[in-house]
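Heads up, the next two complexes both have chain A, just with different partners, chain B and then chain C.
Moving on, here comes the complex of A and B:
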């Protein structure tokens, strides 16, 4: 089986897995692209490039993905969600160099960066130090940066008035503010991670609106996308896969989220930065990864795949890209927590409905039989959340009432 | 035979394991050195604590990229590469945040 990827390279999917076993024997002599220079990089254990072809094709891949979708118009403002690391640096450099081009191929939109402070588990000094480093770093790219706080946003009941500022010193960094998140994470890490992902998305959209940005760039890499796809499946968000993992998320009518790094892996971007002499900022941003959540387990699994069987991650991505949303006639039924369309009853029983049905017949023994099944859907349709968020809702309610 | 002088460079957060110092010029006693030997030397001489964050099974931990004079070590037989005088060996961690 062959397929053509975004860079226009032909990949032989059948051979890639096996190649890893022979990697010491079959070492590339020439660059795959120019067939001339000696290669200096080997990607996914099979594509060998010389330095100049590697750099050109990396930038090309980024621009090809943006160009293919042609969503952004000249002069549009784009909010760039920056959270440090190799991916953030490469994205900033792609933007800066392509905005500065003196050719018709130059990018013509206006980027604005956003950093979301969410590191309540660090000391105040460490947090301020992080913010200062980012502030100074961003000046080298000459892209404006705004700061906001996730815990502040949650504490204020997701208010549009949450502080969004260019001056990081204005952020309130009271360690108490994290208590609520800590409680959530102690109860169920999987659900707390899910809640956090949803809240970050909401906050991004709220900031984009305030800054009059029609688009948001988020920095997920191929492995992040593959993990998210499997996480969605595990958490009962299978029907949201195209929105949560595709190139664009159109759930919000005013702001579209784009994922321009979803075709890259971390090695490509780390080496790109190295060859461009860019030093990435590594923040101590995450809690030590535990083995207690579905998200972390899946992420470890996918990273392990990427190391040993990189073609498998590509296969997961390509399979996900083939999934599409079922066209709902009832499009205006939107989950109030995650803003995804709520599944409506159709001819075939969905897993969601099957679970609700078996719950009902096992708790209310008098309701048995096909006709009653239909009637029950009537009540099921009244729900304000999607299947997965109904779990989150119960979890949030139970956590907050326990505190009182 | 003279000592072998090599430059080691740590980045992407890997430097945090080496006193936050990115560049180390080291002299290795004259003999044939492979990267596998160098990794043991690093463990004994430079890596003060938590070697498991850098090394795994006689190689580097997965997620740490290695380049010799800006060439991916996967093209150079990885741990079996024979170190040459004045080689610049770069270790880039991809494990510290995206």
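Moving on, here comes the complex of A and C:
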């Protein structure tokens, strides 16, 4: 069939061009901003900046995003989730330099860093080595760092008593702890990744509470946000997009998660670190990448878009920013696994019902009788999970409903 | 292959992508048809006694739709009347065979057939348009015209409903596409099983939860005659991206298609976001987000020898239109006949 189907796809053709189809602009003589210095950076393929204007505008972008929301009060403690890479380094440097300012624009909250050990696929020696590097690295920024272990947290049934320590040598790092994670990944990589994301969020909030932090900074970049948005869509978590990709995640009443790097791309922050003479710590972050999971597939798709159609990535982010949470008639109905509101059906027939009906009719010897208008065909009325979490429920070793 | 999941004793011939269950041929027919019956009944798609135009392209989706509707209407006494409605874009060779297939549908399913051409509806065939503007932007024309063609046709036929063959894969793909191109208005309505058009003829999608793979299998096992063809012009870039992404995701797990439809259904667009308010085109009366609908703008361009009009920035179009004498649709009079009724 023609790709223009009956829905009639039309579009303005602004964003569809391949970058390589554009003629490259000759590098501008002067910096776009100060109109004086010779430019040394081109952003978004068009804005030429000199080094000093680039650094100023990068920091400004960071502070403008925080300033716009005005959530953090003077003296509040903020937990900074550090997991290496250029984004982590740039974030630490933004914080250090702006805490040290001698001007009214100075940042006045108190950052505390957290590193979550989840590298069960590495050898014990490699893991200790990583932890030591991070510990030493933090000293250059003079920000305290705490360590905790994700597998430890899961193994202990998501207990509040999971070890949170300044001394990385106290972490238990026997390779057995990764066994159950490996099991999960073998069953379904996509669901295992999803479970991991949910558990990290829970652990972050648990640690923030223990350290008396009202806020958490997480280091997702623009491409991470775009990926997450598409991952949410593919997992059936469309209604959670504002919580999972927006600037703030307010699901927990005590601790708010903020995403202060969501307006940056990796190139900007790598250049920032380069000009500030900062070396970033590169950790082997996850299992070897495969195309077998929704998350890895979409990450590669977005990286490809970023390279060839960067305007489309921006569009995806803007799409997400214009979505909001459905007004839930019954606000108390929160999924016990992901803490998001459970979807309320607002149409006569939902996808969930259609799936349940399909399954029933494909497994029962007799045709489904009864009243096709009223029977619920296995749809759970008082479900305790959202649509997506009903799939991962079986993957969780603990069904404890304790609140984080 | 293993035994049928319904324990009927027969050997399974396929594994259902939606649920993973394995079915024999007879059980598959029953399951597939009953799901569509479930969709129609549960979502209250049709009022008894209505006349339904079935959008017929000769392709697998519309062929299966027409066949199943006829079967279900007989079996469950919906008391519906059907008319096949086909659009002829006027692309040499493109519709010749598919229109033959539609005529076959007409005879096989004993449904009257109405073929409407772009020439009838707009005064131009696609071939003439391509001659005018070249192959670069012709998909814009074809898309805009096709979007309205079925609604205009349904209106002229004075039917109560327009049923289209959009399947689950199409809808999931459209959700992804609308995210990629930031079309919030379409994102929020593309998963609706019933959508209203301007003149009050609802568009319904009885195959919303039917997988493309199963539609193909159904047509194959039932030996239904359909025609498969690709448009000879170039595809839409966003739909292209969305299609590639969906096909890859489907390989990981076919249930992702249903997940995406669920996501689309549960997404809510921020009330403060600027959403184009739908109004009626001042020229043709068709539902539009602007004073003058895209089809009328494109026609204006074609009829005044400025075919690029409406392809570029919309502000430019507005200016250009303001400077023109206001002849409806450049004088084809097609538009007026609709708005006056």
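Basically, the second predicted complex is superposed on the first by the 332 of 404 C-alpha atoms of A that agree within 3 Å, B and C clash if a C-alpha of one lies under 4 Å from a C-alpha of the other, contacts with A are read in each partner's own complex, and residues count from 1 in each chain.
Simple rule for what comes next: a residue touches a chain if its C-beta (ideal position, glycine included) is under 8 Å from a C-beta of that chain, and two chains touch if they have at least 3 such contacts.
Computed from a predicted structure; not experimentally measured.
Asker: Looking at A:325, would you say it contacts chain B, chain C, both, or neither? Reply first, second, both or neither.
Answerer: Only chain C; A:325 stays clear of chain B.
Asker: Touch check for A:293: first (chain B), second (chain C), both, or neither?
Answerer: In the superposition, A:293 touches chain C alone.
Asker: Could you figure out whether chain B or chain C reaches more residues of chain A?
Answerer: C
Asker: Identify the partner contact of A:266: answer first if only chain B is touched, second if only chain C is, both if each is, neither if none is.
Answerer: first
Asker: Could you say whether A:276 touches chain B, chain C, both of them, or neither, answering first, second, both or neither?
Answerer: neither
Asker: Please work out whether A:358 is in contact with chain B alone, chain C alone, both, or neither, and reply first, second, both or neither.
Answerer: The answer is second: A:358 touches chain C but not chain B.
Asker: In the superposed arrangement, which partner chain does A:241 touch: chain B (first), chain C (second), both, or neither?
Answerer: second
Asker: Which positions of chain A touch chain B when the two form their complex?
Answerer: It comes out as residues 23-24, 27-28, 39-42, 45, 48, 51, 83-88, 219, 221, 224, 266-267, 270-271, 274-275, 279-280, 282-283, 285-286, 303-304, 307.
Asker: Touching residues of chain B toward chain A in the complex: what are they?
Answerer: Per the touch definition, chain B meets chain A at residues 11-13, 16, 62-63, 65, 67, 70-72, 74-75, 77-78, 80, 90, 92-94, 96-98.
Asker: Within their complex, state which residues of chain C touch chain A.
Answerer: 5-8, 16, 18-19, 21, 23, 27, 30-31, 34-35, 37-39, 41-44, 55, 57, 59, 137, 139-140, 142-148, 150, 164-166, 170, 174-184, 186-187, 190, 192-193, 209, 228-231, 233, 235-241, 243, 245, 248-249, 252-253, 255-256, 258-271, 273, 294, 311-314
Asker: Would you pull the chain A residues touching chain C in the complex into a rising list?
Answerer: My answer: residues 1-13, 15-16, 188, 190, 229-230, 232-239, 241, 291-294, 297-298, 301, 305, 309, 312, 315-316, 318-319, 322-326, 343, 347-355, 357-359, 361-365, 367-368, 372-373, 387-388.
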